[in-house]
Every structure is written in structure tokens, then in C-alpha cells.
């Protein structure tokens, strides 16, 4: 049996608390089981140098874990003087995923930074960061839309992410830390509301995996993401209605 | 009038939530008005190189603000690749203050790191970090005491800190950010339960200050710290009884 | 038409030159079209601290591009004082992929570092690095096997990698730089000789992709990898025979 | 008895040599006993980015010790690649203290950097740096005033600093290294010519200190600073007359 | 006997392959025995800040060794986060030497960067870098001359470099690694086509050296450089004719 | 005419003050005209890792300029976070030169660090550092010899250094900053008491130089170094007698 009495295709208890920070344009505390991530969205009326003067906006992300988010304390990256490869990989992933559902032209020449700070980690922090950041991003974009009367709402579809993996021989949805550390195959799936893939990262940690296993894992991921997007809609309330129902196979 | 309808010698609403992290040996969320700091205590069975083999322990602290803890977003120190002077100054202060009420000999050859992560900042983050860290530290020390049956409880007195300052011509207790940014004189006071000073840092930001003004500010600080220590005792519950009532003028 | 008159499922001209460095335990110059990467394998009789005393070995990789490997000159990472996120991501991928076909126990307490230095870049440098590194690794492992009379040959299967992607609406194999920069979907596939996945990284750069498109891309990747592994066998000569024919679904 | 046969309220032999550097706009070698600090003032016709276009000037400080300024050699911070927390704390203190007696508006849009390089250290290097830097600063400001015919002399009062502390039970003025390393309480006092505090930093290194002890220490500090300011006036010669006699309680 | 059956005044087998990189404005692979260096020249239409607006150009160099260019693997400088003193010294030397035969005024406000990447090292990498870079530079300058119709060809003379040294008591030309590591005296000579010195760096590694020994070494160096310049001319083909035959004693 | 009414082959006024630091094992303030360098020698009873257990000692050097040692202020290398190429090159030169006259075997397993801190710079700081460091080194070695009763005095010869150069068409000895910045050719000469070369670094800054010019410059250097060594002997007093009169052409 899995912890919490979950089925193999079950998510952990999920909670999305919004507007947790009085300064940020959007903010969320997302809890998936014991994994807790604060996601804040900051809007700035400027873009990185490589985008200047093109009338387009930018969305980017940063990721960090508090030193004692995990079982034993990790040294701060600020103290070590540099970001680890893992951190860079994760924040590049989050930013890339979020940009895939933002119409940067419609956003106008401004940038939004999503800060994902992991308060407590129990597996799946990068996927929780994506799912939570999407909600914070939507709040921030809505604020811009209200202030600047944009003609098009710049978010083009819902977006959420989940981990799947093979533990022993069982494909499982939403691995916690204990499961993750025993997983033979590990995969992160990022999908849109229209059911298409934005990012797929699978790794045979302990052994390679077959095409059939891949298919099974993708099915689990799809199921989990549908549930996550339902929770996002609830958390967004009226903002949810502004996001178009993406259509499979259509370019956004 | 001050925000919250406070008097000049009033603290902001104070809330200390304990055991907020499932891994840390001690953890606290301290809220003073809109200032919110997570303090976690990590116990490790090793000491820094300069203390090895002396049978003594060590207590140290690290301090950081989430990028959007403030009105506008700050670049992460990990991204910049180094700690700012302000951060170093603050974490040295927190560690030094906490060590002043710990009997390092009684602690044995182990170290405790207090991580102070500011989730939201509205003035007084360094003093809130000290006040909150003391509680997290006491939980962690208690855990050690229970496991290792120490003959002496290694904490020798209570410890709390508060800011005071002169705004316009009015000496005020517990400045929020708006008051702090207008303050002509700014002072941080760290005191023990026995009413003695552990640290005193006063700066004439806009003008120097007289001996008489100093006396007034110290009076305010003393009043505030008594209230903070009362709140610490409540948060600590039975652990509170293990901490000796320090006596003025006695070496600890 | 694609450059070189290739079909959509065709590889670029491939050339693997072995033993290009007189000091390294294994060395390869791999050329895929205009992409050229030097891969050298260094054997050291020591392991990283986290593996000490476990009787197991380690395989890791580093990746770098010469400043003028690309159309315009890039600043050296040594001059900037830190590795980019892209570099870290790539070298983590290469190391992880290679370790998946090495029996670290059989290798014994020694480590092998694969240095992948891109002399000229025209798309697909990370997959060429994996494919070339596998050959350099096999030479180095063979050298160890000869010197230390290992009872088991520590490489458990072949390994190669290729990029696939969707340009316009056409799924293509082995994208060059020009194709890659226009690709709407981009995927790197790492597979073993037994036809199973070791790593799968797909990104919807310009739009999300459907399950059907994914299937198409995986088919292309599989075809390309079979051809790459044939070329590896030829380059390895008699060493090729020492590597077991991996069997799908079996743990290695 | 203290070294040099000093009384508890006595300063060490003090020597201020001016114009020791042929390039700097102001320069001083200050010796307090065996503590020797070179202070140079550099004037530049530019201000930091955050002050641009405001018509105001800036005063800042940097502090460093030669590697063999102390009993055993310290690694250079340039070799370690970063400033220590101690160095940052000290140079922030020196700059803040000096700015408190400079009318930045009257200085005009230019900046003055005080470099404090400790040639030999025997306790009290940060306070000697402040006292010496004030003299170097006054020479530099005078040079500006002569060249640019400023309508107001931008220095508004004298400024000096001294350490006091409690060794055993005796409150002492101007601790040397040996006394400092045994001190139970340690305090740095920065005062103006009008007898008001600019900065007060007291630390209970070995035990907390009472209000009564604080009062005693402040008295010692005040006595020492009066003597230091007298020496500064002598070193400044005619420039001394240009500095207003600050009045207690008045904003400058 | 020396390796390759060389005489004391003989160069190792020399090979200069040109246009080895499809992107760079000039590129060369120089091989001197087992020492192999890739030299690429990059032209950029901008100059460093200190030269802006002066109508002059700039020539600079960077030097690096692949990790396994030597018998044992060296850590990458990018991984260590900083350049070694040796690297800095070498790249300063290469840039300075090349600039001595370039008329920066005639080059116009553009800069040329020579990247010297050592693929395999067997002694004499810095002198091979200079000799090879000169050829890459000439190709790049020729390209500029053709595009911009410069009135004067900006290269003013040929330039090559070679190492000489005393091994045992024998002065030798062009030391390989084994000879270099036993050398008592080690010298690098950089000369122009007109037979004058541009740079001379001699070090008594194991013992000082006399004036007479110096004279002997300079003679060997001169002989070697004449041969190197002959090879450069051949590699340059028609470009060789555009470079003036420098005249001894004349300022260029 | 040159400044100070010097002849072309004249040194600037030279002053060597010894024992300027109360902690260091050897210390010197060397002044050559307006160039002033503090050289301190630190003895430590340990050697760098690469020498451990070989019974040999080590001599090394570090070099730094105070920010305002020059006409305009330079940023501190500690603030920039890394040493410049120029600094590394100079400190490598100083260490290498000093080691050439030290019998590291006779020194025993200990190391001596020479810190050269330039207080004021007016040309020739690296050669002044070598000349001054030799005296500080001799004091430190003498101290070791007295304490440890070494059988052989570990210094094998005198050592001094001077700059020479060609300004206009005139070869000059000991260039000051103004001369140095106009020099067409610039050379640093390091020689032993026995009149042999330890290091020779000549650069054609503005034009190449002929063999005849080289000979002229070497003659000037030799003359200057004889005078410097005479001054070193005077500064060393009785220690001077312990240093063997090196013999030309003999290995030390």
C-alpha cells in the first residue's frame, strides 16, 4: 500500500492557497502531500536585453529550496556562491513550460518572474512548482490585463505538471520522496488543458524502459494533470474563465 | 497615529507558530505585523574545524529574504554569486546573540544552525529572526537534552530582540517598514530574560542622538522585550520551565 | 529538400575516428555533418567522496564548446567564472546516460571522466557527445579490463543518442542547426542496443505536441539509433564483441 | 597595570601624520599604539548609479588588512575571491559614520572614497580607521572647496571613534589586542564634536551587561573622543577652522 | 639523441592546416610534433570600452587546454571558476606579441580575438599558439581588407615564436615536454620577419645563466624562427605577399 | 634631463628600512624614488600539499597595490573577486626569482611567504618588490637558522632586480612611471650576486628591438643590480656575511 492509502493512479492531497503575499502581483502556496512551495509572480515593466524593442514580453522562473526543506540540511547556494546544475535545470524547465502557454506578443514589453521557493520537500517539487506557478502567473497576468486593458488575454491554455515513475514493477502517479528514491524509471510530464504535451522528461534511473511502459506512464500523467487543472480552475475563480479552452493540435 | 492604532510603545500583533517543518529539530513561523520569518534549527553531530576536539558545541545562523519578500523584487544572492554585506552583518548578529545564552560546553560537540528565511518583510526582520530563532533553538536543544540526557540544560536565559527608533521627534517601539524608512535614529536592542543587554546597535541615520534620547529608546526596548519573552514562554510550553531565570549581573 | 539531399528519416554523414589523443585511455572524434566533437575518456584510480569505500566505480562527463564553435563567438565559461545552465544540463545528461549502461560494481573503485569538447557545432552536439563518448568509454573500459583482468565486462549494452523534431509539420531525424532553430517540437532520444529508452526529453518549443506526434518522433529516433550503433560497432572493432547484446525488459 | 602604564581611562600614544601619499586628495597615517592604518581619500567626479542626477554627492569607505598585519598571516581576501563578513561590516560602518557629518547636497555630484588599509593591527582598527579617515576626508573636501568655490563647507561637525570594554570587571578605554581578546563586553562608540552619538555598537561577548555598566562605558568613550578630536584639529591646522562647531540636538 | 633523431638546433615536424573551421574569419590547426593547437580568429565590429571612439582597432587572445591535453587530466578552469595565473600569463603574452605587428589604426574600429585551444600538449604550446595565431590573424585581416578596401594592409611584419632551453649543459631548440621538464634554463623568443625581438622571456629554472649562454640561446631561437616564418608564408599563399618585409631597426 | 637630475644609467634615490613590522619574521620598506613597497616575510611550519613529506621547503610571494597607490584609484581585487592577470604574473615572477637563490632542501619542511604591498607606485614596483623581498627573506631565513641550527645557510646568493627600457632612442636604467609609459621597449632583469641572470623579460611595447639594443640594456641592468646588492648588504648588516658569494656558472 502507498502512504495515505492512495491507489497507484492517485494524487496526494492537494491544496492551493492564493494571494499569500501582500506585495506580489500573484502568489500561491501549493501543497501536494508534504511538499510545500511558495510561488510568487513579479511583474516588471522591462524585458531582458535580447528582447528590447520587439514589443514582446518575457516569462522566467527561479527555483530554490530552503536549507532545511529536506531531511538533512543543504548548504545554501548563496553561501556556496553558485547555483547547482540541478537548480539551473529545474528553473529552466519551469520557465520554458510557462512560456509555452503565454502569448508573449499579447503580454507587451514587460516581464514576469516566477519565484518558486520550496519550504518543505517530499518529492515532486519541480512539478508542484509548475502547477503552482501557473496559478500565480494567471493572477499576475489578470492584474496586467485589468490595468492595461489588453485586447487579448495573454494566457492561451491551462498548464500543469506531475511526476510518474516505475517503482518495483508498478507504474505510479505522483511519487513522494520515498517512492522517488526507489524508482527505477522517473518521468515528469507537463501538459496543457487541451491534453497535449509541453514537456516530457523520462529517465531510466535503474534500468531502461520499453515503449509499452512509456505508454502506461503517459496515461497516468494525463489522468493526474486533468485533476490538477480542475484544482487550478477552482483556485483561480473568475479568472479561470478568461483562459481559453485550448484545442488539441492547434498552435497557440 | 501609527498603523494598527498602536501607541508609541506598542508592539505589532505577534504570532509564534511552532513545529512548522516536519524534518527540522526545531521550527517556528514568527509573524510581527506583516513581517513573517521561518526559523528552523538543524542539529548536526559535528562542529566547525576551529572547535574540533574541544568538547564544545557551536550555534550559528544564516539569514535570507525570498526575492519578493519586499515591495519590489530583489535579485537572489545565489544568482549574484555572493552574500551582500547586509546579509552577512545580520547573520553574524543573530548567531552572536544566540550564542550569548547558550552554554556551549554543556551542549557537547555538536552544532545547531538557525536558518532565518524571511517570507514577507515589513521592517524589523533581523530582530524577529532573533526572537523566533530563540524558540526554534530551545525546541532543538530540548530534543538533544531528551536524547542525550545532558546533565545541564544548555540554554542559560531567555533572549529576544526588538527595534526602536526616532521618527520625527517621537521615539517609537517596533518600527514597521514605513516608519523605519523615515527614522532619524534607528536602534536594535537584544536583551536577556534577566533584563541585561546582549547587543546594542544604534545608528544616527539622519542626525546624531543625545544621551537623553538614548535613555528613552532603551526604556522602550526593555518594555517590548519583556512582552516578547512572555510570548516565547507561551510558545515553548513545558520547555519554558527548563530555561533558568537569569539573574542580572551574573555570568552565565 | 533537406541539406545533403537527406530524407526526413536520414542521418547526416557520420564519421567516428578513434584513438585521436595519445594520452587518453579512450578518445574519439565524432563528426555528424558539420558538428564535430572530441570525446576523451580519462581513467582515475579514485572515486568521488560520496562513493568512497563502497567498491563501486563512477562515470561522469563534462561538456564544453570552443568559443568559435558557432556562427558568432561565445564568451568562455572559464572567463565568465561559471558554467551556464545549458552546459550543466547537458553534462548531467551525458553522464547519466552513460552510467545507465555501466555496471559500476564490475568497474571497481575507479572513475572515468568523459570530456566532450565541441570543436564545431551545427546542431545535435549533446546527442553526438553521447554517441561518441560511448565509444571512447568502451576503449577505456577495455583498457581497464585488460590491465585488471575483470571477471565481468562492465559495459552492459550499447548506447547512442539522436535528436528528432517537428519542423513546419514534418517530423525529421537528426536536425542540423538551421532546422533546429525553426523546430516547433524538439526531442532528444537516448536508447540502448536492446531498443529501450534510457532518456527521453521532448519540448514543445513553439507549440505543444500530441500523443500521435510523439509516436512518430519515437519511431524516427529508433531508426536513427540503430544506424548509430552499427557505426559504433564498426569503430570499436574487436571490442564490440565484448559488449553484451542487451535484452529488452531485463535489468542490467 | 595596563601596557604603556596607562590608566583605565587613558588612550594609547596617538600620532596622525598627514599627506603621506603624493597622489591622493587626502591621506593620513594614523598610529594608536601599535595599530597603524593608512587612510587615503579619493575624489571622483561621479556618483553611484542610485544617486545620479540628484545633485548630491556620496562618501563611502573600504577597509582591508595587509596579510601580516596580525600575529599570524591571514589569507588575502582577493585570493579567497570574496570579502569576509567582518570586512563588509567594518567598511559599512566607516562609510555610514563619515556620511553622518557630511552635507551631501553641499558636496555636489561627486564621490569620495576612503581607503583604510591596516598596516599593523593591535586592536581598535575600525575606530582608528574612522578617526583617521575623518582627517583625510577633511583634506579632500578642502581641496574640492578650494577648486570649486563651494558656498557651504560640506563637513558639518568633527567625528571620531574609540573602543571601550569591560575586562575582568574593569571598564577600560581604547583596548589593545590583548585586552580585547579577554574582554567580556566590547563597545565601539562614534561621536561628533558636539558630543552626540552617531553610532553605538555594544556586544556582550562573554556575558550580558547592565544599564549601569553601559553608562560607565559611554562616559569613558566620551572622554576618549574629546582627546581624539583635539588631535584631529591639530593635524588639520587651518582646515580645522572651516568645520562648524556642531551643536547638540541640532540636525545638520 | 633527441626524439625524432633531431639535432640540437632542429625543429620538430611542423604542419599548419588552414581554414579548419567553417565559421571563423581565420582558422588554423598547428602541429609541432605532438603539440596540437587550434587557433581561430574572430572579427567583431566593436572595440573594448577603453578604445571607443578612437578609430583604432584591437587584437587580443585567449588560451586554454582541453582537460586531457596532457598526460594526466586537468580540471577545467570553467569548473574551478577562474583562470589560473599560467593561463592569464600566456594569453597576455600572445595578445601582446600579435599586437606588435598590427597597425591598429589601419585596422579601424574593430577587434580580432585569437582563440588558442590546445588539443594535445607536448611542450611549446604558447609559442605554437603565437606562430599559429599569426596565420589565422592574417587570414582574418585579409578578409577585412577585401571587404572594407583598407588603404594599408594592417599587418606590418611576420611574427613567430619558439622555445629554447638548456638541458644538461646543451642548449636546445624547440623543447618537447620531456626536455622541458628537465631544462635548467628555459626561454621563449618571439621575433619578427625582420629578425628583431618582440618578446624575450628567459628563466633560470634550476640555475642562473650567463651572458654567453644567453647569446647561444638567442642564436638558436633566431634560426628556428626563420624556419617557422617560411612555413607561415607557405600556409598563407597569396596573402603572404601582402605583408611587408619588415626592416630591422625601423618602427612599424 | 631625467627627473632628479639622473644620468641615463643612474638609479633613483634608494632607501631600505628594515624590521618595520613587529609581528613578521622579516620586514622591509623599500623606497626607490616615489615607489614604496612594504615587503614582509612570514614563516610557517608547513608546506603546500604537492611538497608534503619530501623534506623540502617552499618560498612564494603575493603582490598587491593599495587602491590609491597610483594617480587614479583602482578597484580592489578583493572587491572584484579575483586577481588580475597582471597581479598573478607579477607574484609568480617574484616567487620564482626568490626560489632560485634558496636551497629548499636546506630550508627544511617549512614555507616562507613574501607579501609585497605597494603603498605608492611610480614605476618599477615588481623589481622593487624582488629587491626588497630578498632582504626580508634573508632576515626570516636567519631567524630560522638561529632557532633551528641549520647546518647550511639556505640562501645561496644575493638577488636583485631592476627595470631598463628604451625611451625615444635612449636606453635608460630604472624607469619611473612617466618614462615607463613612453617607453618603446621595456625590460626587467633579475640577477644574482655572481652576475648571472635569473630572469629576463623584455617586451617591444611600441616596436621590436635589435640584438645590439638588447646588449646595451643588459649592460645597464647589470650596473644597476650591482648597486642594489651593495645596498642590500648594508641593510642586512651581519646577516650579509652569511650569504655565500655566488660564483658565476656554478649551480647553486
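Here are some notes:
For clarity, chains are labelled A, B, C, D, E and F in written order, and residue numbers in each chain start from 1.
Following the convention adopted for this analysis, a residue touches a chain if its C-beta (ideal position, glycine included) is under 8 Å from a C-beta of that chain, and two chains touch if they have at least 3 such contacts.
Everything numeric here is computed off the predicted structure, so don't read it as measured data.
Steps from chain A to chain F, minimised over paths through touching chains, total 3. In summary, no chain was found to touch both chain B and chain E. In terms of residue-numbered contacts, A-B and C-E present the same interface, as over half of their contact pairs agree; the other options in C-E, B-D or E-F do not. Although chain C and chain E share one sequence, what matters here is the overlap of their interface residues, and that overlap exceeds half of the numbers used. Separating the CA-averaged centres of chain A and chain C is a span of 29 Å. Put simply, the C-alpha centre of chain A and that of chain D have 52 angstrom between them.
Taking each chain's centre as the average of its CA atoms, chain D and chain F sit 35 Å apart. For chain D, the set of residues touching two or more other chains reads 81-83.
From chain B, with chain D next, the chains follow one another around the ring as B, D, F, E, C, A. Chain D meets chain F in the complex at residues 21-24, 27, 34, 38, 40, 42, 44, 62, 64, 66-73, 76-83, 87, 113, 115, 117, 119-120.
Of all the residues in chain A, the ones that touch chain C in their complex are 82-86, 88-89, 91-92, 96, 100, 157, 184, 187, 191-192, 194, 196-204, 206-211, 214, 218, 246, 248-252.
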